[in-house]
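Here's the structure we're looking at; comments come further down.
Chain IDs A, B, C, D and E follow the sequence of writing; residue 1 opens each chain.
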Amino acid sequence: MLKVNNINVSYGDVQVLWDVSFEVPEGELVALLGANGAGKTTILNTISGLLRPHGGNIYFLQNEITRIPAYRVAEMGIAHVPEGRRLFPEMTVKENLEMGSLVPEAKKKRKETMEWVFSLFPILKDKQNQEAGTLSGGQQQMLAIGRGLMALPKLLMLDEPSLGLAPVLVNQVFEIVKEINQRGITVLLVEQNIMHALNMCTRAYVLENGRITLQGSGAELLNNQHVKEAYLGI
Amino acid sequence: MSLFLQTIICGILLGAMYALIAIGMTLIMGVMKIINLAHGALVMVGMYITYFCFKEWGIDPYLGMFISMPILFFIGCIIQKYLINRLVEVDSILPENQVLLTVGIMLVLTETMRLIFKSDYRSVATSYSSSTFFLGDISISIPMTIGFLIAMIFTWLLHLFLTRTDLGRSIRATAQDRDAAIYMGVNAPRITVITFGIGSALAAAGGSLLLPLFYLWPDIGHLFTAKAFIITILGGMGSTMGALFGGLTLGIAESLGATYISMGYKDVVGLIIFLLVLLFLPGGFKSLTRR
Amino acid sequence: GCGGGGSQQEQGAQNVVKVGVILPLTGTEAMFGTMEKNSMEMAYEELKAAGKTTVNGKEIKLIFEDDQSKQDAAKAAAEKLINQDKVAMLSGGYSSANTNVIAGTAQSKGIPFLIVTGSADKITKQGWQWVFRGAAAPSSKYTSALWDLFDKKIKPRNVAIIYENTDFGTSSAEAFRAACKARGINVVFDQGYEKGAIDFKPMLANMKKANPDVVFAVSYVMDASLIVKQMKELDFNPRLFVGGAAGYTMPEFLENAGNAAEYVASTTLWVPSVSWKGASDYFKKYKEKYGKEPDYHGAQAYATMYVIADALGRAKDFTPAGIQKALKETDLMTIMGPIKFEDWEGYTNQDKPTTYVVQWQKGKLEVVWPEEAASGKLVFPVPKWSERK
Amino acid sequence: MSFFEVKNIVKNFGGLRAVNDISFTVEQGEIFGLIGPNGSGKTTIFNLINGFYPLTSGEIYFQGRRIDGLPPHKICALGIGRTFQVVKPLKRMSVLENVMAGAFLHTSSIVRARARALEILEFCGLYHRKDMDAKNLTIADRKRLEIARALATEPQLLLLDETAAGLNPKETEEAIKIILKIKEAGITIIIVEHIMKVIMGISDRILAISFGREIAIGTPKEIANHPEVIKAYLGEAYA
Amino acid sequence: MNWKGMIVPAIVAVIAVVLPFVVQAPYVQHIMIMVFIWATLGTAWNLLGGYAGQVSFGHAAFFGLGAYSAGLLIFHLKISPWWGLVLGPFISMLVAIPIGIICFRLRGPYFALATLALGEIFRLVFTNWVSLTNGAQGILILSSFPTKLPYYFIAFFIWGMSLLIVDRMVKSKLGYYFVSIREDQDAAESLGIPTTRYKMFALLPSAFIAGLVGAFYMNYIAFIDPHVVFSLSDISVMVILVVMMGGVATLWGPSVGAAIYVALGELFRAWLGAANVLAFGIIVCLVILFLPNGIIGELGTLKRLLSRQKAKAVMAGGN
């Protein structure tokens, strides 16, 4: 479904991604792991079209998307729940959700999708007319995920969705991610909650200093000595 | 008593005129957060177009509005696309440097109009320019009343547009977080272009409606810019209804000031109200509607 | 001494005598500046055709500078003309503010300066020997003819004064107020306003309540038209409405005010129908050439050009002192009337102006006072709005 | 008299009571944990303590002195530092300058502020980033910068709002080490954190709140087994 | 300051001192004086607007107060307007205190517009309060010196002094605090920085310098009226333009901006006649588009462009 081929990305003069290649097959749940600053967010932003690689290609559903404008990437069916939430702070919760479903197909089913999102995160329903900027951190995270779901995407990219959530919600969010995936939405997940991520993913890549160093199924990586030492601290 | 009533009526009608000018500003400054010192100049260009249509083809200013609005929409789009959007993409120390760009645009618009139309004062004399009706001994200007109604309609339409349509919401979203809007599939550069276009078209509408009442010359924009700022803040940034309310407040304040203090100090009264609102109601009148 | 490119310019200066003219060609006053520039150029061409632009083998050359309607630009322009272009004399000056600054510079440099329009009283009340004002009256004297009319005919008991709070407006109002006091006329309403307002009605409604016989108003042209239009809207009927020159005599006033202009009177320094020789020719020629009617500002510039050519023609040499002397001895008939530079009532080098009272009648400006120059008869008291068709 | 005390504080946002009659005390030298579901009012409590929001009612005491009503900078000067959950780096300043801005609270000398800032950067493991513009840091580094900057003001009480969020388990270990080092340096800490390994591992006592109200207070063990905390916050997985 | 940091100022100072003796044309000297005036005013604005990030649209108020302090001394008391150079700065500073107390409660565009309103209020009051100010008729004086040299050196001195003051301030703790406040007021406050007080510390010297240069302006131009010295479009906005063209939050930026502003204005006026303001407007747009942080602010970028032309990743969107 998504294929990333040898991309190189720099900020100004500093290169942060080096020949990164990986693949997200249809229907899978792929996890991208790595230490802070490894370049995970950079990868997602490059896929989204907000950053331009100076080498390599990206394909989505057989179409090259490397150089198309960022907003078109979203139209093609990739939803991005960005790091740091990036809500529209002066718009209400409801309006934020509506903003998630601008793509024509999603727009048709806006009402139902919103009900679904509300059923996943009841608190959002209670606060639907509150401005997003005044939500608590965790509530904002839920809204960000909900907004991503509103697009009814083919591929959902989540950048650290469990960040700042209470334990009870962390579990819930992972359940939801699993559920979404089971509904047929392909997921690319960036997570620091590595244990969780590896347990549920079908495939995982490890990114170190801007290079993919390991790949395999979740179980394989869980048993990898390097992963254990460097990331799980076991 | 009748002096008082007359003053209030004048204030309301004047306020509606101010609101007409400020509606476009609500969009550009209130929603997009661009402090646009060229706003008055856009109004002025709209007035010239309306004037030209009237002089050359005898088109009534109220109809001329339908010519000036599309043209200004187009001009606004160009300004945003080739000038302001380029600045949004660079990181600068003070976001206010776009203000300077609008100063440059203001100078260019004003001086271009001066080259075309000279510095002469222009006006259109329509049959209704100074028609009035009397309620008791209170005189009410008909074109101003029309302006008042149109201001109400525009405000209401803009409000619906911003809150009820996807395009309107995308405009607000882009202003608040450009990248996030792009994540949602919003073509942010185009949205801002359209927004500035609409803002400019509304400025043109204000200009066209004002033309039968007022007069025109290249430097008239300064006057409008200052008023539009004050009103936008009075109403609360980004609030369309607030802008109408702000316009009315300023109009009434100035009228009362003119009647009961002095015509020379009327603007001071308006400015002091402005400061008081800034200080005690920092969100403008918008904040009153929220509990 | 002087450095820079001085030597080159001195060579060029062999066969020309330069006159620097500072006028607002951009900015808020550009309309008037442009009219004055056009008029001066027109006069120059006429003079050239008559062979009067070459004196003693030197050709008079006008150098126009834009003061951008701003004071620092006026100062810079004066400095540049005096020091770089080495002009023999200066002219121009539209707004009083800029005229002040140019006059100050000219005085301290010892260069003759002939004012075109700037009319603040104090400019020629400082004893500045290098500053001359011919075609323009001190603003307090704009109303001389009006007082004659008041005393002889109207005899108002109470008046209202409104004026734009600029230099010109304030000093005109001040003089008018003083004259009222001297005659024991009641001033029942007296207010300045910030120019450029959209709505004058609160002020006018207030004034209506004070019920004056006569309203005296000093306004720029577009404020003027709004004021009379809104008076009509308020159905406010003073027995006479008199403008203090400036706005109330201009074609744009009529255009915007429409029929509300009817019967509005005004003082003025000049009208096309005035009997001075050449006045109506100037008016026609200007209208033909530039497609627009000039008003007294243009006439001031036109006359000033003639004064310049006349003075330079008589000057013994083109040193500042030589030109100053020639100016001082001026006695020239122009379309603004005779121009002489005299010292009187504390003024120096100030022409004694002739002023008129005019009234809009059937869309035309008729001179109604003084009687010997009148082209029409004063309508007084003016009919109420409701009684007009 | 306790080192730090909060008495019956209440905060309303319009119709919402975000903090509802919370009281607790913190002893000098301890790490005091504050947990609760998202939106339960933890950050709001921090904002009340450090003076960003005025209290609706209640009192706050620090070293015996009543501090509610004081502006944030005074509270900082008294010795209460804080970090922001939504980080607020001084974007166009370098990391070093960010920390120096904090260090100037106790010195006016550039040389000394610089030396102090470098020490702290070393301490927090940010030394290698010192010349980078703060706007280019990753989230984790920004969180570290928050701590470093707060430390530079030499607080006696430090409020940490989710500074370990977004760290992987290995990095979390390092963060814990830093926090413990801060404690060793004699600084009292109130910490908000959703990562149980952190909060349960280092807190001396924990206050659990829900909907702005206290539901439990006690040692980590007590809290972890408290039925209401499990229900509202931890979820069955932790039971 | 080490000796390397002294090189530029020393060269500038030497050139400035020698210049009027080399180029004796009073017109050039006049232009230099105008550059000094704008450079000083820009430097004053920059302290508050550039470093502390409080963008004022009302600096004409301080400039005008300084000018009127000088003007009213001679108008009412017949005291030499040169004493305005002593009085003006203090009056401006005094008035700045309540202005600061009012406006510093506001942030961003609200602050900008509040200062705009205050600036306008001063203009209107000085126009209408005729008994004190002589209203729109303004105040006219006789110049004190027949040549430009004394003015030149006074202007130079005022400019140099303001640069020195600003330089000292921003290179100390104050500078760090100002920039912190500009970058994030909440963060600054939580670092123990009394933001209102430090904004005031930026405003007061700024108002002082603006008042000083205003008083000098009165003496030099020899005529003022409220419309001119309290002008929103010709002073308050233009000073921002000057600073932003030269480089916000840089020591030399305002001066470079002033030189360009004055020089361009004069050149265009001479070459282009009625189109001069149009050309100026176009230049303003170009400068800000291609050098968004001003000329000095973009020096780094310019240098880098020249030295390295390696292909780089393009950032679309940005933040």
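Descriptive notes on the structure:
What we mean here is this: contacts are C-beta pairs under 8 Å (C-beta built on N, C-alpha and C of every residue); 3 or more make two chains touch, one makes a residue touch a chain.
The model shown is predicted, which means the values in this text are computed figures rather than measured ones.
Hopping across touching chains, the smallest step count from subunit C to subunit E is 1.
Note on connectivity: the fewest steps through touching chains from subunit A to subunit B is 1.
By C-beta pair count, the most extensively touching chains are B-E.
A separation of 46 Å divides the Cα centre of subunit B from that of subunit D. Computed centre separation for the pair subunit B/subunit C is 36 angstrom, with centres defined by C-alpha atoms. We define each chain's centre as the mean of its Cα atoms; on that basis subunit D and subunit E are separated by 42 Å.
In whole angstrom, the spacing between the mean C-alpha positions of subunit B and subunit E is 30.
Counting partner chains per residue, subunit B shows two or more touched chains at residues 93, 111, 114, 179, 182, 188, 262, 264, 267. Looking at subunit D, one finds that residues 92 touch two or more other chains.
The set of subunit A residues that touch two or more partner chains comprises 11, 49-50, 69-70. The touching residues of subunit B, counted against subunit C in their complex, run 3, 6-7, 10-11, 13-14, 17, 111, 114, 118-123, 125, 129-130, 132, 134, 139, 141, 210, 213-215, 217-220, 223, 251, 254-256, 258-259, 262-264, 266-267. If you check the complex, the residues on subunit C that touch subunit E are 1-4, 6, 25-27, 30, 34, 64-66, 68, 70-73, 75-77, 79-80, 82-84, 96-97, 100-101, 104, 107-108, 120, 122-123, 126, 165-167, 169-171, 192, 194. Partner subunit D is touched in their complex by these residues of subunit E: 171-173, 176-177, 179-180, 183-184, 186-195. Within the complex formed with subunit E, the subunit B residues making contact are 29, 33, 35, 37, 83, 86-87, 89-94, 96-97, 99-101, 103-108, 110-112, 114-115, 178-179, 182, 188, 222, 226, 229-230, 233, 237, 262, 264-265, 267-268, 271-272, 274-275, 278-279, 282. Of all the residues in subunit C, the ones that touch subunit B in their complex are 26-31, 33-34, 162, 165, 191-194, 196-203, 205-206, 209, 221-222, 225-226, 229-230, 232-235, 252, 255-256, 258, 260, 292.
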